[in-house]
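Per-chain numbering from 1; labels A, B and C assigned in written order.
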Amino acid sequence: MASVEVRNLSRSFGTFKALDDVSISFEDGGFYALLGPSGSGKTTLLRLIAGFGYPDQGHIAIGGESVERVPLEKRNIGMVFQSYALFPNMNVFDNIAFGLDVRGVPREDAAREVRRALELVQLSELETRRPHQLSGGQRQRVALARAIVINPRVLLLDEPLGALDKALRLDMQVELKRIQREVGITTIFVTHDQEEALTMSDRIGILRAGQLVEEGAPEDIYRRPKTRFAATFLGEANIFEGIWTDGRLRLADGTLLETAPGAGRGATGEPGCCLIRPEQVRIAGENDGGTGNRLEGRITRRLFAGNWTTVFVDYQGKTIRVGQANTDFLKLEDGSKVTLAFSGSNTIPLQS
Amino acid sequence: MSPLTRLLEVVGRLFVGLLLAFLYLPIVIMGLMSFNASPFYMLPIEWSTTWYVQLAGNAQLVDASLYSLKIALATALIATTLGTAASLALFRYEFKGKKILQALLLPPIAIPWLITGTAMLVFFFGVGIGRGLHALILGHVALALPYVIIVNNARLKTFAPELEEAARSLGANQWQVTRRVTLPWIAPSVVAGALFAFAVSFDQFVVSYFLATPGQTTLPVEIYAAIRKGFTPEINAVSTIIIVLSMALMLFTARFYKFGGND
Amino acid sequence: MNGNSTLAAHRSQGMKAAQLLFPAYLWLVLAVFLPLSAMVFFSFVTEMPFTGKPWSMTVANYAAFFTTGIYAKLLLSSLRLAFEVTFWCVVLGFPAAYVLAKVLKGRSREAIFLLVILPFWSNGLVRVFSWAMVLRSGGILDTLLNAVLPFKVDIDLIYSYPAVIIGLVHSYVPYIVLTCYLSLQAIDDSVIEAARSLGASRFTVLRRLIIPLSLPGIVAGAVLVFVPVIGSFMEPRILGGRTGTFYGTVIEDQFVAVFNWPLGAALSFILLAVVLFILAAASPVMRRSA
């Protein structure tokens, strides 16, 4: 188990810059998600840490040891592939034993280790099955057991749940988290699914076009993102654009929005934007006064999703989403005028 | 289904039946006649195995058979080893000129063996390699190599490269990856390639015809000489054996390697 | 570190690949490509070098082809033979491939497909020989037919042009079935059904859809038949007898009977040029399938 340090890492494929000067540190025992759209460089970063190819520039250290020129098979990392990459010619036991075998671990010791890994992933009764006889979730567990049985310094997961259906995915999220805690291994996993990143990880790194845009704890990034990209990529977002005026944002119609203090605030006269999450917006009665930001709009559409209702409100030609676990919304009619209220402390200034 | 459609389908099946008859009739007749005691193929057939007995006593044909077998085994071994190594490289690595290397596999298959055979004869003679066993093996392996590589490449197309990556991430070196992950996957095509190589060599007439020394020839060359001298029932017998064996070999290959498909 | 590392990684990939590729390709160069190039050289000499006889460079071997007319005429008759054989192979092979791909299903398709291509992997010489026995006068075919028919027939096709055609078609028709089957199988049945539902007749579907879509397969198969047939010499010898003199047999003669290797090399090289021309001409159509 070890920490991972990445410094100024760059990698190009032809003229395409897959990674552009990325620095990030992963602490020992943490669970990290690398999140981003496809082509953002998250998989490239993971593969460079694993040792599939070498960086053009920059340094990678695992447990303080510089590894950027160490070949993959000598890095002692555990990797789980999106396709699981289970060896089709071996049964579950032999798949898991493979890494111990090639290290020359004696058969009996290996068997013990394998059994323990099987127990950990709760597959003990399936050790003689072949990969094609397993369900998607079971394959995933075998891939995980195979990766951790070699006692790697770091566990790398490339979209590990991407091939599973939704219900199974939720189960596996819990399962994966449990196993990671039990083993206590530094884990880095790549995903394009923001919900997965939020629920599972201790820290999230958001990548875009080869650059690390933002990094931090899930709750912080969700509640107080620093950048417009992170705000819109992670969760639903209402973004207001305007001109900064003494820490407040002046919208096109002249309305001034109170905002929370933050680095996103620009100097007076600068253009800028800020975020308000749909669940922080409230629909106020005509006369229930109060402080904070207030906007008048007209309901255009309501979307009922069981435990949640989203109302789309038109404000000066811009659609604002209001979301609440409140079915009273359903009584409102399309076209009716409403006042939207939200506090300044939840209105987050963003760097674009 | 309309009556017309049904009629057309019946006609179609009949057509395929006739084609099969065309393909197998002469072979079946040859087989039957090899058991006919009459050297003039008189009917009705007078059943007998006399030609097979005589064949066993024909030292020249038996010698030629063993010689062919030896060459075919050597060809299969060498072509499979070299060809499998080459197909792994073509699968694994990206490098300049890969397309050209793949295109270079076609000439040995596409150019008529008459041209390749005479070119080999002239060149081997010119550089002092001459004719005989080594020249035959040299030539046969070259003809068989493209088949081995092409068959392996087709199988490798179904192989997920992540499997090699996964094995390496678990600490396996290149040789361990190849032996324990890649080769087991392409085993069917390696076996099929070896069988193809064997067949290309064992059935090879044209190139052998030019490269064999007159004293020691392969079975097909010996058969050709015998046919040109006149029909003999012994040739019937040996031909029947060859065709039954080579078809059995190919049926076996087909079981191993479902021509392009995979289970 | 620096931008060269990618290049270095690329180069080391190339090195690893080279180790695996070298033996196979060295073999191919030694046994196929050098001989083919050497043949060009030997086609320009008067006598084979290294035999002790004096030799010099000459174009006489090629002059012989263009001035005497006999070789050119034989090449033409080989081309005609190749056309006829290819024609019959397509006529027999394409419908069979169609039935295999679109009418037969499941196991019977698999079994019959295997039966069709099986002979093609068995010994070609022996198969030609088996026809010699069937076609000769007083052979099986006569005897059988005379036993059934009320009148006397005398089938004596052996040592004739039709016998050569029959033998070659028998040898090469599996190629056409194979390539046509592969391209016909790739045609989605729903495309045909869609055309039928739009009111196209069977003939229109065949002409406007099936044949154009399977053309790469037909052309590939035709080339695979045409090319070896121009260079055939064993089949004409066995089945054609006296009438079986073609371009291939003349080349064979130069090497095994007349021992004029330089002339043989020149004739082989001219044949190679023809073959390469045909392959080049057909490759645009064939590439569409790949």
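Operating definition for what follows: a contact is a pair of C-beta atoms (placed from the backbone, for glycine too) under 8 Å apart; a residue touches a chain by one contact, two chains touch by 3 or more.
Which protein is which chain? UniProt says A = Spermidine/putrescine ABC transporter ATP-binding protein; B = Peptide ABC transporter permease.
All figures in this text were calculated on a predicted structure; none of them were measured in a lab.
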Chain whose Cα centroid lies nearest the overall Cα centroid: B
Chain pair with the higher count of C-beta pairs in contact (A-B, B-C): B-C
Chain centre separation in whole Å, for chain C relative to chain A (CA means): 59
Cα-centroid distance, chain B relative to chain C, in whole angstrom: 16
Interchain centroid distance [CA atoms averaged], chain A/chain B, Å: 56
In the complex, chain B residues that touch chain C: 8-9, 12-13, 15-16, 19-20, 22-27, 29-30, 33, 40-41, 43, 82-83, 85-86, 88-90, 92-96, 101, 104-105, 107-108, 110-116, 118-126, 128, 138-139, 141-142, 145-146, 149, 174, 199, 202-203, 205-206, 209-210, 220, 223-224, 227-228, 231, 235-236, 239, 242-243, 246-247, 250-251, 253-254, 260
Sites on chain A touched by chain B in the complex: 50-52, 72-79, 81, 83, 85-89, 98-99, 102-103, 146-147, 150
Touching residues (chain side chain B, partner chain A) in the complex: 160, 162-163, 165-173, 176, 180-181, 184-185
Partner chain B, residues of chain C touching it in the complex: 10, 13-14, 16-21, 23-25, 27-28, 30-36, 38-39, 42, 48-50, 92-93, 95-96, 98-100, 103-104, 112, 114-116, 118-119, 121-127, 129-134, 136, 138-140, 143-144, 147, 170, 173-174, 177, 182, 202, 227-228, 230-234, 237-238, 248, 251-252, 255-256, 261, 264-265, 268, 271-272, 275, 279
